[in-house]
Structure formats: C-alpha cells, structure tokens
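Across the two complexes that follow, subunit A remains constant while its partner is subunit B and subsequently subunit C.
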Partner chain A sequence: MNNILKELQKDLLHLPRTHPKRRAVAIPAMQALQAELGYLDDAAIEKIAQITGLSTTEAEELATFYSLIYRRPAGRHTVRICDSVCCSMRGADQLLTAAEEYIRTPLGTVTPDGALTVLPGICLGLCDKAPAALVDGEALGPLNDASLKALLQRLQQKD
Partner chain B sequence: MEALLTRHLDPVAPLNLVAYQATGGYRSLTSAFDLKPEKIIGIVEAANLRGRGGAGFPCGLKWRLRGADAPSPRYLICNLDESEPGTFKDRYLLYGGPHQIIESIIVSAFALQAERAFIFVRGEYAKGGNALNQAIQEAETAGLLGTNIRGSGFNLQIEAHLSGGRYICGEETAQINAIEGKRPNPRHKIPRPSTHGLWGQPTTTNNVETLINVPHILLNGADWFRELGVNGGCGSKLFCVSGKVKHSGLFELPCGTPARELIFEHAGGLDENRALLGFLPGGASTAFLLPKHLDVPMDFDPIAKAGSRLGTGSIIVLDDATCPVEVTLNLMRFFARESCGFCTPCRDGLPYLTQILTTISSGSGRADDLALLDELCATIASQSFCAFAPGAVMPLVSSLKCFHDHYEHHVTTGRCPFNEANKNGA
Partner chain C sequence: MGKIMLDGHAIPFKLGDNILQTALEANLEIPHFCYHAALGSLGACRLCAVEITPKDSGKAPRVAMACLEPSEDGLKVSVSAIAAQQVRQHVIEFLMINHPHDCPICDEGGECHLQDMTVVCGPPYRRYRGRKRTFPNQDLGPLIHHEMNRCITCYRCTRFYQDYALGNDLGAMRLRNEVYFGRFQDGPLENPFAGNLVEVCPTGVFTDAIFRQHFARVWDLKTAPSICPHCSVGCNTLPGARDGTLRRVRNRAHPELNRWFICDRGRYGHQYSEHSARPLAPRVSGTDTSYHDALNAAASQIKSTQDCIGGLGSTREDLEGNAMLQALLNNLGGIFTAFSDPKLETATIAAVSSLQNIGNAPSLAEIEQIDAALIIGDLTAHAPMIDLALRQAYRKGAKLAFLYSSPTPLAQFATTAITVSPQEMCTELSRLYQLINAQSAAEDITDTPMTDIAASLMGARKSLLIGAIETMTSQEVSTLSKLATALGSDTKLAYAFSGANAYGAALLSPTGSAVAMLEAVEAGQIRILIVAGNDPLGDSRFGTRWRAACRNLSALIVLDCILTATAKAADILFPVAAWTERGGTFINYEGRAQGFATVFHRPEYLPNVARVITDLAQYLGHSLQAAPSVLGDIFSDFQIPKPGTTGSLITAPSLPMPATASAHSIQESCNSTWQAALASWYGDEALASFAPGLMALTPKTVAMIEPTSAIDAGIKNGSKIKLRGSSGSMVLSVRFNQDVATGTIAIARNVLVQLGVGHGDSLELEQVL
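Our next item is the complex of A and B:
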C-alpha cells in the first residue's frame, strides 16, 4: 500500500501548474488502492483523506457514493449481473437467484473460500448481450443458468 | 447509407495510431487548423448537429454561446458515461476506436480554443478506458497532443477520468463535480457551466457520439452532413435496439430512420415473431410509444411531437408476452436506486412510486393507486432539483396511459395476467 501512496504523492507533486485542487485525485487514488487491497478499509479512507486534504468524513462520503468503490471486503473475483430492463426481460432475475443458490451466500458478500462476490448491478451497457454480466471487468453474455454456474465454478478454482 | 462513424471500429483489435492514420484518420486536423475557430463553429451550426447524449441541444449553438472571449483556461468534457438502460453505442465507440474519439476532441477543442479536455469514462468500461489511455499516449508521442500541435500554435492536453460508477455522473454538472473530486450532485444551472463550469472556468460538455461527427463535418461540409439524414433528420445516427427482438445490436443509419425499419429489418423483428406491445424510443428515461408510432422518424422533433424523446436513440422493445407493469417497475427500481439523494422529492418520491408499483405488480394494488401514481409523478417531476426525476417519471406516466388496461387488470383481478405462477395462487 505504501508504494502506491508514495507514487500518488509523487504524482501530486508533479501535477501541472494549472492543475487545480488536490481533491481531484480522490477517485483515482481510491481506484488505485482498491486495485491493490480489493476494497477500502478504514485505514485506506484515512490515507485518502491525508493525500487529498479532505476530511475523513468527506472521503467516506465520496467512497460510499460510488457503486464501484467497495467499503466491504470483496472476493478475488467479482461478478456483477445486470438487473436493469433489457437483461431483466431476458432472465436476469432468475440468473441472480441461481447465482445466490449456487454460492450459498447472500449477494454482495464474499464466499467463505474468499473467491467470489456476486452482486446485482445497474445497466452495464451490454443490452445487446442480455442477460449480461461483468466478470472482473470483462463483459460476458448472453448467460443462462448453466453457463453462469460453470463460470462461477471456474472462477472459484482460479487464483 | 455507408457507415461513417462505425466504419473503422474493431472491438477485438482497435486500430492503433498508424493504422488509423492509414484509413485517413487525423486528416481533419489539417482542415481544422486551416480555419478560424469561429468558422468551424459556423460550419457545425450549419450542419445542424444536435447533441446525441439525450437532450438534442444544437452543438454549434452550444459552442457559440460559450463565447470566443471566454477566459482561460477553457475546458472541453467528452461525456462517455453512458449508463442509460438500453444504450450501448458509446461502448462500441470506446472499445472499437479510441483514436476516432481523440481526433474529434482535438478539432472540437480547437474550435472552442479549449486547452484541456477530459473524457469522462463510465467505470464499468474500465478496460476500454485503459485502451483509451494508451491511445492518448500514442497521440502525445506523435505530437498530435501537447503544445503547438502540428505547428498550429494550439495546445491541448487530454485526460481520461474513470468514473467510480453512478448514473447521475452522466449529468453535465454532476460530472463536473465528479471530476473535481466532489460528491457528484447536479449543480444549480445558474451560473451556467459554459461560463462557470469545471473549477469555475468556461466548460463545454458534449456526448462522445456528438463529437465524432465533427471531423466528418469538417472534411465534407455542412450540406453533405445534413443530407445524410432522411425524413427531415440531419446526419448519421447510432441506434441501439434491444429487448424482445431477434438481433439486438448497434445500427448506424440516417437520422430520421423510422423505428419500424430499425426493429423489423435491422433487428430482425420480434422474438418468435410475437406482436409488438410498445417501445421506448430513446432509453429508460423516455416515454413509451405504441405500434401506431412505428413510422414516426427517429429524429428529435418528430419523436417529441409523438409525446416522447429521441434521447440516446436506443429502442427497447416490448412484445405482447411482456408485462408492461413489471417492465415499468424495473425502470422505477433503477431510478430509485440511482437517485443521488440530494433533493427530497427525488430521494423519497421515487422509492414511494416503486413501492406502490410493487404492490400493483404483485396483485395487492388498490383502484385508487393509479390516480395516486399520476399525482405523485406530477409533484416529483415539478419539485425536484435537476432533470433526473422528470426523466425518471416519464416512462411511468406514459406507461399508465399507454397500458392503462394492464394496470386495471392487475388491480381488479389481483394478479398479473402474464405470470402463470400467479394464476393459481394469490
């Protein structure tokens, strides 16, 4: 974590003169820390506040506003299943039920082996692949119960 | 019509700088730098290029209203935060051809004499954002960005901002707050962002699809661009078709192409050749249209005249096996969840609408719920702070009108006629 922070602080020093407020790096800093840690714990929020000059509360407020910034632990692999209109019309609701049954843990939490977090997401811009999911940032679709279960199984076995 | 905006897109292996230039890419810089910025704005105005992000505001007019004497630094924001359900056109542009985006930003920023541009990329498109960053670096190395670009004396720096992910960030002033690292609530529109935008400086925001038209307009002229459209529309348009159709997809067609052609020719017609119940013409925050509207040109004014909005030009198709109450409930759940929470009518009103719709959908609705929904929609839309809530209630208000019999049926029989499971139960 320290390396990332050092880099960020170095970046801040070298920002162009015209670059305005330090708080503009809050989201990129959160994204960088999350890439390293998997989620932002309280210590990470404190660090963000230090770098950006925001209060801890302001940093917390920003982090919790965004759906792609995690304040709770996430699995090694995240699967966001779209539950918006086009995917829903093509079976997303059943997919979410099937996923929850398969992982035996509520949506949005981590499986006991630490491998998976499955959660519903808003329209992923994959309506032409409905029902679709974003798996570690990669678009997948159209999915059905069988292909989703096979995918979850594969991810559980992967590092 | 020959593909214009999608001609060189390749989502698997997008063209690098050299390959893009070999297709004629970055040629519009020469045309632009030979002209005075005011002249470019005049050409874009004459082309009648209207904003493709949803509002349809004339691009050239927006640029002219910013004013040539706007104080420095001036900013251009390319809005690539596409999150409107049913819309995926910008994803194709981002993943398929990052250099096309950069070229269009350079010529547009030159017209605006903006020295810094941001591309606001939705968080779910992070992989595309990475490729875009590489393309920006390639362009910088080649001297297409930076200081005194190609000896023009024009300086430009482009930065991609990857969103943390919320629908409201697509709104112009919320996006400005997001880039500044503030909580992305929409701002009050007075003073306007064109004079007091990003860090209090003159800021122009355009959707990415709007911007990628600009190089073509510069190369071929305003008249040529206007003539690309049909039925009174101007230019080329990216249409998305999804929902209950055989071949969901992105189709580049003349602006003004009717929905009938899009749905039945290009998207292959409805699933199992079922009958069309209705469609949303421009994404989730537009009003439903009915089969009788199939021949209305998909262009801003005709669709507005029909009672809806062209929005993002993204058609969501409902067949006669789809329950319109359930579809509307899904839309309202989306908007209730994505409200930024800043103002009370939106934050509390949308969940209330969702709650009432849930009871109707599950068969426990009361006869007076329908009038209550109508009344609440009117209150929420008129009392909320930004354009989010008026957009959010639009599909509900129109759904109550277009599919009134379906709502009545749910309320009077206490069950959903589309849901087999409920037929024996309840």
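Our next item is the complex of A and C:
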C-alpha cells in the first residue's frame, strides 16, 4: 500500500466511523490506490470501504461514476479522445476508429504489451482545439490521423 | 388556502404542496414516474410535464414539471395542453427506446406503471429500430428478482432503499445511459424492508421472486383486505390467491399505520400457509381422519374426563378464536389462558395495563414525528415497521437511545447506546427513573451515557419509550411506565408485543392463569388440554416443564395451521384455516381492533378456530353463542370492525397491574456467571419460520459474546464452546460482538429452545478444546 493511503488511514484512525471526513477521503484514497495499481479491482473497493466507513456499494457508486477512476485494467498510458459534439464534428469518431485499427486492440482494453489504452472520453472543454484528447492527464489538440499515429507510436515505445 | 385552476377546475391546495401533490390529493391523475408520496419529488423522469400560465398575464404559458412547481393561488395548469402532451409523448418514446418489449413474459405486466403511462401518454408504435442498451442482472437473493434491462432510471429504488429505509447495499452505479441499480456484488439485499422495492419500482426491474416461483397474472388473483399476522403492529395487507393457493402478499395502505410499505417478514412470511408439512387433514392418534370423527374422538375424551380440562389460546390466535375457547371452557368449568409462558403473560398484562392507565400507544405516523426515543431491546425483530417508523424519526433528527442485551440493527442510528445484561435491565431502568426524578436537584450532572439519555428525553418536545415485551420482565414494564409518567404527557409509551393479537389475548387472560394452568397440568388436575394456535412444547423457557407435564394428559387436542412441536405431539389435531383463509379480528399494539376478511378457500375443509370450538361444543351437548355476541358480552359495545376500514380502539375493562414478583425468581438459583440473551432477526417468528424463502436468509447459528468478557474468561473468537441449559446442551462457535452485554451470551431462538432457557436465564459454559 502506498504512502498517501497509509497517511490517509492514519489521519482517520481517531475519527468516529460516521464522521463526514471519512466519506470525503474516498476520492483521494481511490486516486492513491489507482496510482499504484493502475486501476481499482474489487479488493481495492473493499479496502476503500474499510478506510472510509462507506459500504462497498457506496464506494462502488463513487468509483463507477467518475470517468477517471478505472474499474478495469488500463494500460501504462491512457489516451481519452473526446467524442462530444465539437470534437465529433471535427472527426473524433474517425480518430477513434483509426486508433483502434492502429493498436489492433478494441477501445477500452489494454494492448498486449500493457502499454496503451485508448477510449472515448467526455467533453474536455477544448472545443477550440477539437478534436482533442487527454493523454496521461495532459490535454492535446487538435489531432489528426498522422499526429495521432505518431503519438501512439511514441507512447508505445516510451517507458 | 388558495386554489389552482387545473384544466378549468378549481382545486384547493395545502401551502407548500406542488402541483402534482395537489392534483393527486384531489384524485386527479397527472402522469408521473419518479414522484412517490413517501419519497417526494425528484424531477428525474420529466413525465409530469404540464403547461402553466402564471397569474401575471404579461407572461407567456410555459411547460413545467408538476412535481417541482409549487401550487400558487390562481395558477392556471393544463395537463391536456398540446405542448405538455408532446413532452410526455417524447419522454415515453425515449424511455421505450431501451425498454424491452417483454411485457408478455414480465411479472409486472398488468400492474406496471410504465405500461399504464405508455398507454396513456405515449406513441402507439416504436420508431426506433436500433440496438438496445443491455445489462447483466444480479442475484439479489431468494426474495427479489432483478431484471435491469427494464429500468427507466426514476431512482425510486435507491431513494427508498438508501434514503427512506437507510440501507447501504443497493446503489446507483455508473452514469449517463448506463446507470445501473444494484449491489457491489451478487448477494441478498440486507435491509429488512428490501421487499418494498417490488412495489416502489414503477416497472419490472425488481419483482417478487417468491411470487415468481408460482406465478399468476394479477388480474387472476383473488384478493381481500387482510391484516399481517406476523407481529403486533397490524399492518394492512392485500394477499393474492389463485386456484386455492396463496401466491403473494402486498401492502395495503393504512393512513396511520403502514401507509405505503410493509416489512419483508410480512411480505414473504406468508409461505407458511403453503408449507409442505402443513397439516391439512384432522389427525387422531397419528392417523388422518375426517373432521366428524376427530370431533367425535375429542368429544368422547372430554366427556370421559369431566371437570379436568384446560384451554390454551394464543397471542397469534384472533380475538374470536380465543374468546370462543374461553367461552367453551367457561361452559365446561375448566380454566383458560392465552399464554404458555407465565413470564410473558405477566409482562404482556403489565404492558397492556400501563397503556390503559397512561394512554394509548402512538400510531406509526405519530412515531415518525417524535424527536427522542428510548428503545429497550430489539424492535427490528419484534416489530419491524416500528423500526422503519423510527428510522424516519431519525432522518428528521430524532435522538435514539438504546438499552439492549443483544445486537439490534436499529442501534447503528443511536445517539446513545448502552448494552445491559438482561438481569440488570431493571436496575438500569430504575437508575434512569431516579435520574429523571432528581433532575432539578442534580446540578452537577456528570456526562455519562445514562444522563445523556435522561437529558435528551427531558429536553424532547415529543418523546417515546418503547420496549420489546418478549425480552422484558413485568418489573421492567412497570418501571418503564413509571418513567413515562414522570416524563409527563409529551411522552408516549408503546410496546412491541409478541404475537399479532397479544393485546387482545391479554384482555382475555386473567393474571396468573398461565402459571396456574402449567401447575394444574403438572399436578394432574388437568387431564385434557385444548391448545389453539399455541406451542407450549416448543417454548424456550417453559418447554421442558410443559413437555414433562403433558405426559400426565389423557388427551392433547391441538388446533393449528402450522406443524409446531405441540401439533406434532397432539393426540387429536384439527388443522385450521391460515390467516388469509379466514376472517377475524386482531388487536394491535395500540389497542386498535382491526378486522380481516377471508381471501380464499383451499380445497380441503379448513374451519377457523371459532368454528371448531362451536362444533365441538355441539358434540358435547352445549350450545355456544356466536363469536360476535360472545365478544359483545366481554367488551361492552364491541362491534367487530369491518375488514378494509382503519379499525377502532377497543374499550375494555382495566386490567390490574400484576403484582411484581421478586426479580430473581425461577432460574437464578444456579450460580453461573453467564446469562442467555435472545439474538433475534427480522424473520424470527413462529409462522414465518415455516416460510422457506425467508428462512434461507437466517443468520448462522453462533454464540455471540462481548470481546472483553470473553477474553477475561479465556475464550477466543472462533473457538468452540459448549452451552448447557436445563434441557440440553449444544456446541457452538464463538463470534465476538460489541453489541452484546457483558457476561451475556446472545443466541438464536432455536438454540434457546434446545437448551431450555429463556432470555435472561443463566447458562453454563464450558470450553471445548
């Protein structure tokens, strides 16, 4: 277990089980665990529930609501191509198909080498840079076929 | 009070109500899904669109959601406006994009809110030809079937489950078009009120899994107003039967009691009447016979042993059955009681007597309004719907205080919770009584949990003192009623009795009659015992004595609809109608007499208890009056309440408060350090124990001990111990539990019966290596 999580747990130790701070800690605890594991498996959800005093169902409600919390394995690098209105009009759908063909892996799954996950994402507010993408937490755009392929290639080789 | 104009009709409204509530109150339907009277408005479904024209004539009419728009005087509302109709039509068309076309095989068909609304508002044809969104379903246990594809995301289920019933194992997952209502992982829903999802869901996502096993279309079901026989609250129910079998039970709204919901014991406990071991033919000495022969056999037995007869009614037997048995015994010169457990008898009579003196118990609607409560024992098992009412009070900020010996689910919402061993409960209650009496004198109030309880009860605007009678002694009952008197008229007193008609049974049983009956059987003075709906041989505290005593009988005549230990031992057994198969009257915890009607008849001849007693009297050459006039003689001006009405409080002569015997009377001679406490759960009840679906959820049988006292005695968590009581011993594994009192072992009812000990009796403990 990583240090952030240990610290969170230590901070909560003296709070009663129903203290609101416990619930508030759920998201940072999920992010800390995801940073270590890459995604949250069922055991991670149970761990979060144990730390925060939420039920496993309540922890699952949170984890599945936020799109940047992964409940399925993700690659070392994630590319979230925005498919909301502006990006879609500027060719996001073709980009998604192209990416899928290039990495030969369905959207939302991990490439065999564990390097990449490409998936559609919700609006990033980068309509001026459409079609845009969120790559390992950083916003990029506008993308085209060539720049996307170069990006994917770079990510696969990087490590 | 103002009025809104709804499509030209002036409709009065209560201040603060929205348009939808105003319309529904006036019996005018505005189409809706997510609004529910108990759960309020959400605005999630967008179906209750209406066109409103503000009074200010300068403003143009606009479409608004009726459930979110407050009613204002002079507001013009149109349900029939074209703009509103179009919105509703589009909403339905959108919902039907993903909703499967599976109505012909859907259990909800015929009582489906979505089906109704689609017919009322929607387009008659589906234009969409694309793929539908689909979900995997979850296994939600033996009681509820899950079919997520049918969901229209109205959020009624989670609003009921999380917000109303305060459960935390059903939630809304994911987002957008993929919202999923379920659990973290497969498994039975843990909340004792989960079954209400079946009725709360406007479509077929949650359906009754027990009904599904033996399904019938709703329009084929025979229904009649009934009363739940599974506890003393007396929730109103609507059972449905077909082809001579009972298929399901649903809630029937009572404005002051259960309103929109019932508990899972009430909904699923009904399977007792379809149990494979249910006696359906009269039996004499173990062989099936005809009703006529059984009556003959019983009559000749009674004739041959004149003057030596006893009649044991029951707290779960209706008023008519108990009163007729009493009338027969009066004619024959025998003795009658409705209680097989003398301790339970004195506690119940003490409780009824104190309610008569102090004022009647509050209804569930009133309990929801209290702001402080003291709860003695476990209500979730003894009166689940009172538990639900207290959850509503808690949601509104009420402070709940607990004194309890074994785990109770409601205590998770406690402001103050103190575990007290059964034998010390009375002392602790007296301490609280003294604290409250000395409140003005005590200036240096120390900050102990008990003073917290005293302070919250004294500071409350409306408070409630409530106890579960089965785990209380008569001294505790009288101390609690003294406490209520000391707190004044803003404090209500209530008891969760053991048995649907316990209040009525107490009115018919003279004080001390149970112990007199047991001693007379033991002494051989009673040679014939007629038992109606009672199970003395299966009693935990007195079962051993009853079993020994019954060897003196020349005939044990039993009338029951379930195969209890007593029914198994009967020399002559009359199977009687189950509650849905007969009409009668129950008196609930408030003293409210409620009538229930015959829902259906089974193919076998199954008379009710009053009928069997009348027939038996005839075979003996006596003629008894009909039940209504017998009851009229006992309770002046008593009118049998009509089924389907709200019932009325019974006026009965005051019961005397039983003399309180010394606290340590029966079993205390044995100087063991451990006491037994009843560990109950919401399915724990005599009738419901014959319902296989519900019983599949029975918690594992373990011995629960408080960690500190266990460690002091050298007992480890998970280790095996041998418990010994007056009638046997049993090896159980230990489970540490903070919610058990010091020096107490919390064990399930079946273990208590096997050991022959009651709640609060001493136990011997031996470690098994």
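Just so we're on the same page, the second predicted complex is superposed on the first by the 146 of 159 C-alpha atoms of A that agree within 3 Å, B and C clash if a C-alpha of one lies under 4 Å from a C-alpha of the other, contacts with A are read in each partner's own complex, and residues count from 1 in each chain.
Just so it is clear, a residue touches a chain if its C-beta (ideal position, glycine included) is under 8 Å from a C-beta of that chain, and two chains touch if they have at least 3 such contacts.
The structure displayed is predicted, hence computed values, not measured ones.
Undergrad: Evaluate whether subunit B and subunit C can sit on subunit A together after superposition, giving fit or clash.
TA: Partners clash after overlay.
Undergrad: After superposition on the shared chain, which partner residues are touched by A:Ile69: those of subunit B (first), subunit C (second), both, or neither?
TA: It touches subunit B, and subunit C stays clear.
Undergrad: Which partner does A:Arg23 contact after superposing on A: first (subunit B), second (subunit C), both, neither?
TA: First partner only.
Undergrad: Regarding the shared-chain residue A:Thr97, is it in contact with subunit B (first), subunit C (second), both, or neither?
TA: After superposing on A, A:Thr97 lies clear of both subunit B and subunit C.
Undergrad: Quick check for you: in the superposed arrangement, does A:Ser147 touch first (subunit B), second (subunit C), both or neither?
TA: neither
Undergrad: Taking the superposition on A as described, I'd like to know which of subunit B and subunit C A:Thr52 touches: first, second, both or neither.
TA: first
Undergrad: Who contacts more of subunit A, subunit B or subunit C?
TA: B
Undergrad: Have a look at where A:Gly125 lands relative to subunit B and subunit C in the superposition and call it first, second, both or neither.
TA: first
Undergrad: Look at A:Val85 in the shared chain and tell me whether it touches subunit B only, subunit C only, both, or neither; answer first, second, both or neither.
TA: Touch partner of A:Val85: subunit B, not subunit C.
Undergrad: Looking at A:Gly137 after the superposition, I want to know if it touches subunit B, subunit C, both of them or none. Which is it: first, second, both, neither?
TA: A:Gly137 contacts subunit B only, not subunit C.
Undergrad: Which segment, 40-48, 382-390 or 616-624, is the subunit C region that clashes with subunit B in the superposed model?
TA: With the two structures superposed, the offending stretch of subunit C is 40-48.
Undergrad: Quick check on the output: what are the common subunit A residues between the subunit B footprint and the subunit C footprint?
TA: Touching subunit B and subunit C on subunit A: residues 54, 61, 65, 67.
Undergrad: Under the definition above, what is the set of subunit A residues touching subunit B in their complex?
TA: These residues of subunit A touch subunit B: 16, 18, 20-21, 23-28, 30-31, 52, 54, 61-62, 65-69, 80, 83-86, 88-89, 121-130, 134, 137-138.
Undergrad: Tell me, which parts of subunit C touch subunit A in their complex?
TA: Interface residues on the subunit C side: 168-175, 180, 183-185.
Undergrad: If we count contacts the way the header does, which residues on subunit A are in touch with subunit C in the complex?
TA: 42, 45, 54-61, 64-65, 67
Undergrad: Mind listing the subunit B positions that touch subunit A in their complex?
TA: Per the stated touch rule, the residues are 73, 82-88, 90-91, 116, 122-127, 157, 161-167, 178-184, 199, 240, 242-244, 248-250, 284, 314, 316, 318, 322, 327, 330-331, 334, 337-338, 340.
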